[in-house]
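Sharing a structure, written as structure tokens. Questions coming.
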Amino acid sequence: MNVKQQDKLATGILYTIAGIIILVLASLLAFILIQGLPHVTWHFLTAPARSFEAGGGIGIQLFNSFYLLVLAMLISVPLSLGAGIYLSEYAKKNWLTSLIRTSIEILSSLPSVVVGLFGFLIFVIQFKFGFSILSGALVLTVFNLPLLTRNVEESLASISSMQREAGLALGLSRWETVMRIIVPEALPGITTGMILGAGRVFGEAAALIYTAGQSAPALDFTNWNPFYIASPLNPMRPAETLAVHIWKINSEGIMPDAVAVSAGASAVLIVAVLLFNLGARWFGQHLYQKMTGTGKKGA
Amino acid sequence: MKKRILLVAALLLSLVTLTACQSSADRGESITVVGSSALQPLVEAAGEQYGSEHLGKFINVQGGGSGTGLSQIQEGAVAIGNSDMYAEEKRGIKAKQLVDHRVAVVGITPVLNKKIGVKNLSFAQLKAIFTGQVTNWREVGGPNLPIVIVNRAQGSGTRVTFEKWVLRGAQAKQAQEQESTGMVRQIVATTPGAISYMAFSYVDKTVAAVNVAGVAPTDQNVTTNKWQIWSYEHMYTNGQPKGLTKDFIRYIYSDAIQEKMLPKLGYIPVNHMQIERDLKGNVTATKGG
Amino acid sequence: MKDYDLTKTAIKTFDPEVQEIALSTDDLHVFYGSKEQIKGVSLQFPRYQISSIIGSSGSGKSTYLRSLNRMNDEIQIARVTGKIMYRGLDINQPKIDVFEMRKHIGMVFQRPNPFAKSIYDNITFAPIRHGVKDKKVLDQLVETTLQQAGLWKEVKDTLHKSALALSGGQQQRLCIARAIAMKPDILLLDEPASALDPISTSVVEDTLAQLKAHYTIIIVTHNMQQAARISDYTAFFHQGVALEYAETKRIFTKPAIQATDDYVSGHFG
Amino acid sequence: MDPIRESLLKVSHQAKLERRGRIIGLFCISLIVIVVAAIFYFVASRGLATFYHDKINLWDFLTKQAWNPGTKDSHGNPAVGALPMIVGSFLVTIFAAIVATPFAIGAAIFMTEISPRRGMQILKPVTELLVGIPSVVYGFIGLTVVVPVIRQLFGGTGFGILAGTMVLFVMILPTVTSMSVDALQAVPRYYREASLALGATRWQTIYKVVLRSATPGLLTAVVFGMARAFGEALAVQMVIGNAALLPHNLVSPASTLTSILTMGIGNTIMGSLENNALWSLALILLLMSLVFNLLIRLIGRKGAMK
């Protein structure tokens, strides 16, 4: 076989591989959507769940997922940004830093159930937050911080050190240089990481079972006073999320339409992740343009 | 941008602290019930109904398993701990300080994959199957098909009850384990030669329940103890219940729950029992019988 | 490579009464880890003059320049000892506010490094952060600095376009404009023309000649013709030592040291 | 007095900002360090209690095959042999990596070398979307699709190492792919140009130049994927069968450290041997993740030296 044929063959194989991957994903998506979408109605999206009768919806779970996501990201984004900046800009290159880095990375491959149990013992019991959105958001923060921090650090490190020198040579502090020049430039990378993190938050079940809880008490959508117990904004109420709901009905569901609810909820979850993905990407691009004054990424 | 994020975070944190400090009067009242996944549907349904009848009062129900329920109530982290077994049966639990409320009875039946076709098994056969002495359905009057055992997780209430009355102290064969009844049912339904066990309420058309020693798995047979594989569902409180906890437990014992809701969900009301069985398995007739 | 006697040096000194000194170093040493990069350099840079530093690659000329406004502080393994005298103060000591100091001792780097922002923002960014808020003042600042850097005509209609869209030469002049927008006392340039084509280079050189009226300029270059063209004084570095420092004309016509002679006549190494 | 000289001796606004920024950063990183330390302490203290408090022999724990912490064996010792789970975890991880590597690297080559435009427009969003699918859904699909198919093809129950491998393969694919893309993109363009200019075909260039110089990065991607696979719990638990038995073949029910851990943790009482033994499994997971990490570093260092 001569080199030309080899080249053709290899290209063919690569096309096949790319095709297979797309096929696998397409069939995955199709499977979830075809099974689930027929069950998705406006009623399904807004009605509260029923524990043992047919006809329940996922309204509260859907809201909980989003609220938890927002809360978790509000806590973890600034923290990971601060930590990532510290690691990439300030930390001395010594054994202590590398120890910290290593332990953060190890934490990121810990099974989420271990993190969930840790959160349960610390936040739910020790801090007496109970099964609540707050406990859930905190445990998701713990769960997500290593990944986000690493991502921020890597994104910052990928920006040329010449940019830092430029800022410093103008008499700016390293902090201001990083916050106003390096971070905006690293924004696409940081946003991608945040999106992936948010996707993990949205789909996480194991860590939430013991922290945000598995019950979705009825919410009073007319009362937005965060102190009222049935208020959607109350961070101290238990909140079953969509992923936990899927897990629960798959394992212990006794409602007659459990299969349909589970399939429908999975489809909604996928669609939500997809929409979120696109939205965050658009937002990141928008922010990047606004902060750097560029139409497109420069040369 | 950073400042804004920090500001929002600070606001939220203060909000949270405020919320935590607020008196219970303006934010309603709630208790948390944790534990046995077998009892979870009942308490959840009852809690929902209770909440709709008592405005501003909320019952939060969590699963997690009997072990979680017992250890949480022992630590005083929750108001009620649900369990499928007596607290005394679980190692590491100081049962003395806990108050037992037996709110329902659940019968547990062996279930088979429908294609096996075996209708009746003796206790000896069941024991032989689950200890691994018998590995083919042919040996117990079925088709020539290897037996696939599906267990619940070690320590699960359903498994403890089943092994207590079927194996009677013998060591179970190491086999597949599943965390939840839903998974077990799905696996038994789709795997040729599969056998497992589950609460009556979970048995549906996809799996086949069998008679044990000629006794059918019915509520009626449980109330007379002719069907021996059953357990009480316990709601444990740490000390005598007070306030909302007490009110809710009383509500569970009310006719609205016991007579109307329990049968619909597949549980047997405690006062239907014609016998009483204590921790050691001693059976005595009750007033009802 | 020939071995030159590093102890034999010819360093010009100035009489402060006659010539005002903008910046000077006294026995400056720079260590990267355990390696000594600069081995005790003492030089005086006169005010409103262009001084250039020449020498082969690895002679330590850039390292020396970077320590003048303490950019070497940002390299963790670097350690600088000796005195850097500026306005009667040794600025190589912790109590000196390094950020304030860098406002007065600006720097332009070897490769153009504009921020990923618009041309306008590139220039106004630092002044705004240092407290200039008035829009009119900023507009004026952008125009004057760009004019001083010889870039105004080319970009005056595209001020709000990304600076990254400019050519390399334009970017470098923008960086110069950005540096002088801080109205520094002293401008340090680290081979500012090394990445540029000949035309851009000559524009940058013209720019520097004009800036000389208001700024003290210290420029590192590997291009001897450039040093000869634009500078008033020239220092020759070799292996971390300043071997000779004198009027530029003298360095290129009658060097006092053999090494300098070899270097400027192309027989070096 | 010289105002510039004066200002040099004062603390400037920027210096204050710098100090504040450093403190904020330090605060964030300390918080993370505290959390990490707390989790490590937490897992280690409970995981080690099995050996100190309950007097289990470490060697027995690692090599014995019987896992039944609630009961005692013939010598009166609790049966806590974690070997089946350790073997199971390693098998699914290694197999998943073996299957995923060619696909991931192939896809990465496609995206960077063959058809960057289409690759980046279709394949990249597609792989990133895969990351967003929750593991519950993967497990659900594994249970309803993969397990029956395996049962049809190979007999048995369908649960086992093979099913776990298939599910993990799809789960780690996006991670490995996107990291491989990064590794390939890091190869300077002039390497390729030089090779092509010398008359090499595209495939020769990819194979002999690009892949070779990206090897450390690609290895890192694979090891990272393995670390992921090792720690995955819910999805694997749904398809592997969770039998604490040494697997005889790829289609007999087996178990992993995570599956046994996740399953048992709700049914045991804090402080009991059953519970401690599960935390010992978590400790093994933690240590393995340390090993994977060191491996990644080692590869990185080798790559840097080249």
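By written order: A, B, C and D. Residues from 1 in each chain.
Everything below uses one rule, namely that a residue touches a chain if its C-beta (ideal position, glycine included) is under 8 Å from a C-beta of that chain, and two chains touch if they have at least 3 such contacts.
Everything numeric here is computed off the predicted structure, so don't read it as measured data.
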item	value
Lowest number of touching-chain links that must be crossed from chain B to chain C	2
Centre-most chain, if every chain is reduced to its averaged C-alpha atoms	A
Between A-D and A-C, the pair joined by more C-beta contacts	A-D
Geometric centre distance via CA averages, chain D-chain C, whole Å	49
Separation of mean Cα positions, chain D and chain A [Å, integer]	17
Chain B and chain D, separation of their C-alpha mean positions in angstrom	35
Residues of chain B touching at least two other chains	63-64, 68, 179, 183
Residues within chain D bordering two or more other chains	14-15, 18, 262
Residues within chain A bordering two or more other chains	78, 81, 171-174, 176, 179, 250
Overall pattern in which the protein chains touch one another (line/ring/star/complete/other)	other
Set of all touching chain pairs, with the criterion as stated earlier	A-B, A-C, A-D, B-D, C-D
Residues of chain A that touch chain B when the two form their complex	51-52, 71, 74-75, 77-78, 81, 124-125, 129-131, 134, 179, 209-210, 213-215, 217-218, 226-230, 234-238, 248-254, 258, 291
For the chain D and chain B complex, residues of the former touching the latter	66-71, 143, 147-148, 151, 157-159, 237-238, 241-245, 253, 255, 262-264, 266-272, 274-275
Chain A-touching residues of chain C, taken from the complex the two chains share	69, 71, 74, 76, 99-104, 106-109, 111, 113-118, 121, 125-126, 129-130, 160, 162-165, 175, 178-179, 182
Contacting residues of chain A [partner chain C, same complex]	92-93, 160, 162-174, 176, 180-181, 184-185, 292-295, 298-299
Of chain A, residues touching chain D in the complex	3-4, 6-7, 9-11, 13-15, 17-18, 20-22, 24-25, 28-29, 31-32, 78-83, 85-87, 89-91, 100, 102-107, 109-115, 117-118, 121-122, 142, 145-146, 149, 171-176, 178-179, 192, 195-196, 199-200, 202-206, 243, 246-247, 250, 262, 266, 269-270, 273-274, 276-277
